[in-house]
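One structure below.
Order as written gives the chain letters A, B, C, D and E; numbering starts at 1 within each chain.
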Amino acid sequence: MVAQGVHRMVRLVETEVECCKIVSEDVKDAVVLEGSPELGLIGNILGWLLVEELKMRQIGYIESKDFPPLAVLYNGVAIHPFRIYSTDGIVLFLSDFIIPPNVAYDMATAIVNWAERNNSKEIITFNSVVVREKTGEISGAANSPDMLKSMADMNIPILPFGNVNGLSGTLLTRSMVKNIPASCLFAEVLNQYPDPRAAATVVDVLNKKLGIKIDSEPLLKEAEEIESRLKELANTVQEGQESPAYM
Amino acid sequence: MVAQGVHRMVRLVETEVECCKIVSEDVKDAVVLEGSPELGLIGNILGWLLVEELKMRQIGYIESKDFPPLAVLYNGVAIHPFRIYSTDGIVLFLSDFIIPPNVAYDMATAIVNWAERNNSKEIITFNSVVVREKTGEISGAANSPDMLKSMADMNIPILPFGNVNGLSGTLLTRSMVKNIPASCLFAEVLNQYPDPRAAATVVDVLNKKLGIKIDSEPLLKEAEEIESRLKELANTVQEGQESPAYM
Amino acid sequence: MVAQGVHRMVRLVETEVECCKIVSEDVKDAVVLEGSPELGLIGNILGWLLVEELKMRQIGYIESKDFPPLAVLYNGVAIHPFRIYSTDGIVLFLSDFIIPPNVAYDMATAIVNWAERNNSKEIITFNSVVVREKTGEISGAANSPDMLKSMADMNIPILPFGNVNGLSGTLLTRSMVKNIPASCLFAEVLNQYPDPRAAATVVDVLNKKLGIKIDSEPLLKEAEEIESRLKELANTVQEGQESPAYM
Amino acid sequence: MVAQGVHRMVRLVETEVECCKIVSEDVKDAVVLEGSPELGLIGNILGWLLVEELKMRQIGYIESKDFPPLAVLYNGVAIHPFRIYSTDGIVLFLSDFIIPPNVAYDMATAIVNWAERNNSKEIITFNSVVVREKTGEISGAANSPDMLKSMADMNIPILPFGNVNGLSGTLLTRSMVKNIPASCLFAEVLNQYPDPRAAATVVDVLNKKLGIKIDSEPLLKEAEEIESRLKELANTVQEGQESPAYM
Amino acid sequence: MVAQGVHRMVRLVETEVECCKIVSEDVKDAVVLEGSPELGLIGNILGWLLVEELKMRQIGYIESKDFPPLAVLYNGVAIHPFRIYSTDGIVLFLSDFIIPPNVAYDMATAIVNWAERNNSKEIITFNSVVVREKTGEISGAANSPDMLKSMADMNIPILPFGNVNGLSGTLLTRSMVKNIPASCLFAEVLNQYPDPRAAATVVDVLNKKLGIKIDSEPLLKEAEEIESRLKELANTVQEGQESPAYM
């Protein structure tokens, strides 16, 4: 019913900023989550989990000539590669491709404009820190001392120094300019590959922050599947029976 | 007579979208097929088969500065590298080069505008899934639940998840925005090389969908020729007698 | 006297198409030849031969910011890298550099506009087919069945299928749109290197088509010189005495 | 309190030059320092030292679509990657990323425009010279003979010839056009890696020039930490126990 | 005093052509020399020699966003990387970086416009021919038969055929269009490295052409220094004591 949801709407508003156009319903006073894939795909994995667990409804999408030509299949139905979902007081901007760097500034501006017009309460983004050994701890950063304090009050360890790359980084500074509180949650990853186990570590904090009750179980199961497939592949390769398929 | 067909027309309409221009007769209420080459060249191979078997007439072409400089020879006559053909109720957009990614969005928009103005019934695109071992089965996806159901009714297995790359992916989402039903048929391929045998597996479904009777025999013959040439080449190389010519 | 010829003209007309500008005298009812370098440099080699043998007069040039920065020396005089020559009823567009792909569409449009305004009889371009073993035969293609028939009448074998790359390919389709007959003559080459011997095989056909009498002897001599230099180099390298100079 | 400082301002002025926009308070009659990272990151390392030691207040930032998508964390608060700081009579333009070459001209123009409007006394930039062996000496250059003399009067050795790359180079010439005195201080580095020890050698000269009293101790400590970590890594690698982590 | 010379001028005229702007005093009826670095850096080396030996005064510069970010140090003073100098009847356009190819057309147009407005007598550019063995002879080419004859009258051997790359090539054709006589002097070089000895061979001809008396001694000395440093390096490398420093 996802795609149909988009079609029947009549109050679609367009927020256009040069490179990209947000076509979406307005949702007032929401918390805005952003889930575009950085190292480990944390934001993207969490976004899909929220869509499924909270049965979020698609309320719009972002379109741009600068996106890679791509449709995403969801139960056999093609959907936009960058979609906007909503459920009680939560809005999710979910992209299934890495945002091209030359698009990040305009896209962050468009999202922040949307958030400003809709009086969004705050913006939460996701990213990762590459570590040598995982401790299972998540950490956070914010675009203002107040926001940082509210994270400390929730016992979220602060990531004091470092760079926040990609759309989530630009969102933090673009929202700061408009006085919209924003924060970023970082999961630990070992490398750039999709890491549902790392994404799962963020679920508890997110539950607390949003007052929701999502189960991280599906992510752990997904992680196990990936790991068992990798083990199988390693065995196969060792036995020299076949090489991995193209693509 | 193909090229001449284009010249004698007086009702050529231009649908221009920034990067590219569709110059074509209008054909009302048709089913629109799109055959641009993705992995395995499925759409392109099927397109040429349809042109030959249905003796489709060229009704136009797409031109763009962003296309590679290229003419295609057809029985010695140079034709546009992206042509539009028509026969009873079917219109085919057929490209002989891989659509540059930076052109896909505008081109999909132009094609969808053309389809909207001509009240096209639906859009069918072709693509492929890379597999380790072929089962010979094709699968499908659509840009709306209704369209998906009509595929299920034809016993076409649904491809539930994955990415649809290239023009066919962008066509699915751009047509969704205009409420034009669109679907994609996927053939199994092992790699990126032209695969007429894979294209042949789509012919039956296409016959059913379009109410036509095309023979997949020419594709199977073409596949055999390719395979025998490859075998020959393998032998030659093994015997070390000559290296393949530069091209 | 070449460069001076350009200076004294007062009827220079400018045909401008975005990326490039044709600055040239008008010549009515001519056959237009195009000689830009593709694999084997056939068109360029033939163009220079025509200039010398027919003592063609330079009537203009094409200029563009998108050309590589380059002047060509001709008997010590710097000339434009893309020049236009004329003699009794023949006009030659001769480029000494490979046309950048992003320029080909606009340049073909500019040349075709020039040809249309000057009521040019037809356009002849040159290209090559890469073969494993040469048979010495040339082949042809055209942008209309009529034009193709006139080639068949001259006993020129037709190249039925394939791609025509570069400016000559785009010229075939751009001229088709304006109903200007155009053809392409293909010489056989073994690789991408300049091949005067291959160009020489085209001379007979060109003589018949244009009603001229050019001698291919200079090309054969040039080919012998190249071949003897290559043989020398091969010997030198074998003896390990010196490596080829940087250039 | 850094980010908050930006929010409460009401006299923010925008200096826009095509590619980038300076959003900043005005500060009159100041000495302007520029610290963008070149080889050795001298300017950036010195900039951060000044911010901390002089407790400089952020008064603005530069934003641009052409910057890499990036936020920088400072005590857990996300800040713009290119910030402007101020304290008694000193203004610092501090960037945490290498300025893209295509941005340098416009950015230098914007900074010089800001300096002109604010009647800045002079501009000081930082760069490095790659040497085979360090002597510990810094050297200087200027954009006018007067400025050069004032450096000689401070016993700063002059770097007579060479190229000044990057934003600092362009700032020297763009300020010259507006008659704003500017100079560059060069530290010796062995390679392109961050070199706090090299940056420390500039501190004494800077203290004299600015009439401040900064301690280079933190940089020497940072250098020791880097060096000891490198030594550790070298030992580890030698013992073959582990490979360095990704990123 | 170079930079100061620029500052005190009040009759600076701007010749702007899209990509670049000439900011310079006007100098009437001069011979214009152009010295941008091609293979061997002949023009650049000669240009610096002229500046020093003729004590030329800087009268302007060219600026462009498309130049690399760069200042050049001259006795410790930062100067524009592309400067214009003058002395009795001679104007020199001197660049210290390789002109980006996408800039060459517009820059040549700007220089030719400046020359036209200032009624410049002629333009002389410098380039090189790569040879296997040096004969010490220079050769010339021109943009008109008249100009070529005047070179022959000075016993300068003519370079009959070949390509003239870079700004000097484009200057030859752009000036031809405006009927400004232009020539190019070619020195023999063995490779692309700076070759002051090759530049020295051009000095005699230049003296004759310009009626000046420059000594090529400084270039020969510079060549000796380069050669002795290279020999030293070769010895050092052979003895395996150290590797050359970065940059």
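By our rule, a contact is a pair of C-beta atoms (placed from the backbone, for glycine too) under 8 Å apart; a residue touches a chain by one contact, two chains touch by 3 or more.
None of the values given here were measured: they were computed from a predicted structure.
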item: If a chain touches subunit B and subunit C alike, it appears here; value: none
item: Rotation in the CA alignment of subunit B with subunit D, degrees, nearest 5; value: 145
item: Centroid spacing, where centroids are CA-atom means, of subunit A and subunit C in whole angstrom; value: 55
item: For subunit D paired with subunit E, centre-to-centre distance based on mean C-alpha positions, whole Å; value: 34
item: Subunit E, residues touching no fewer than two other chains; value: none
item: Sequence of chains encountered when the ring is traversed from subunit D in the direction of subunit E; value: D, E, C, B, A
item: Residues on subunit D engaged by subunit A in the complex (per definition of touch); value: 1, 3-4, 6-7, 23, 61, 63-65, 67-81, 96, 245-247
item: Footprint of subunit D on subunit A - complex, ascending; value: 39, 99, 101-102, 104-106, 108, 130-132, 140-146, 148, 151, 158-170, 172-173, 176-177, 179, 182, 184, 190-192
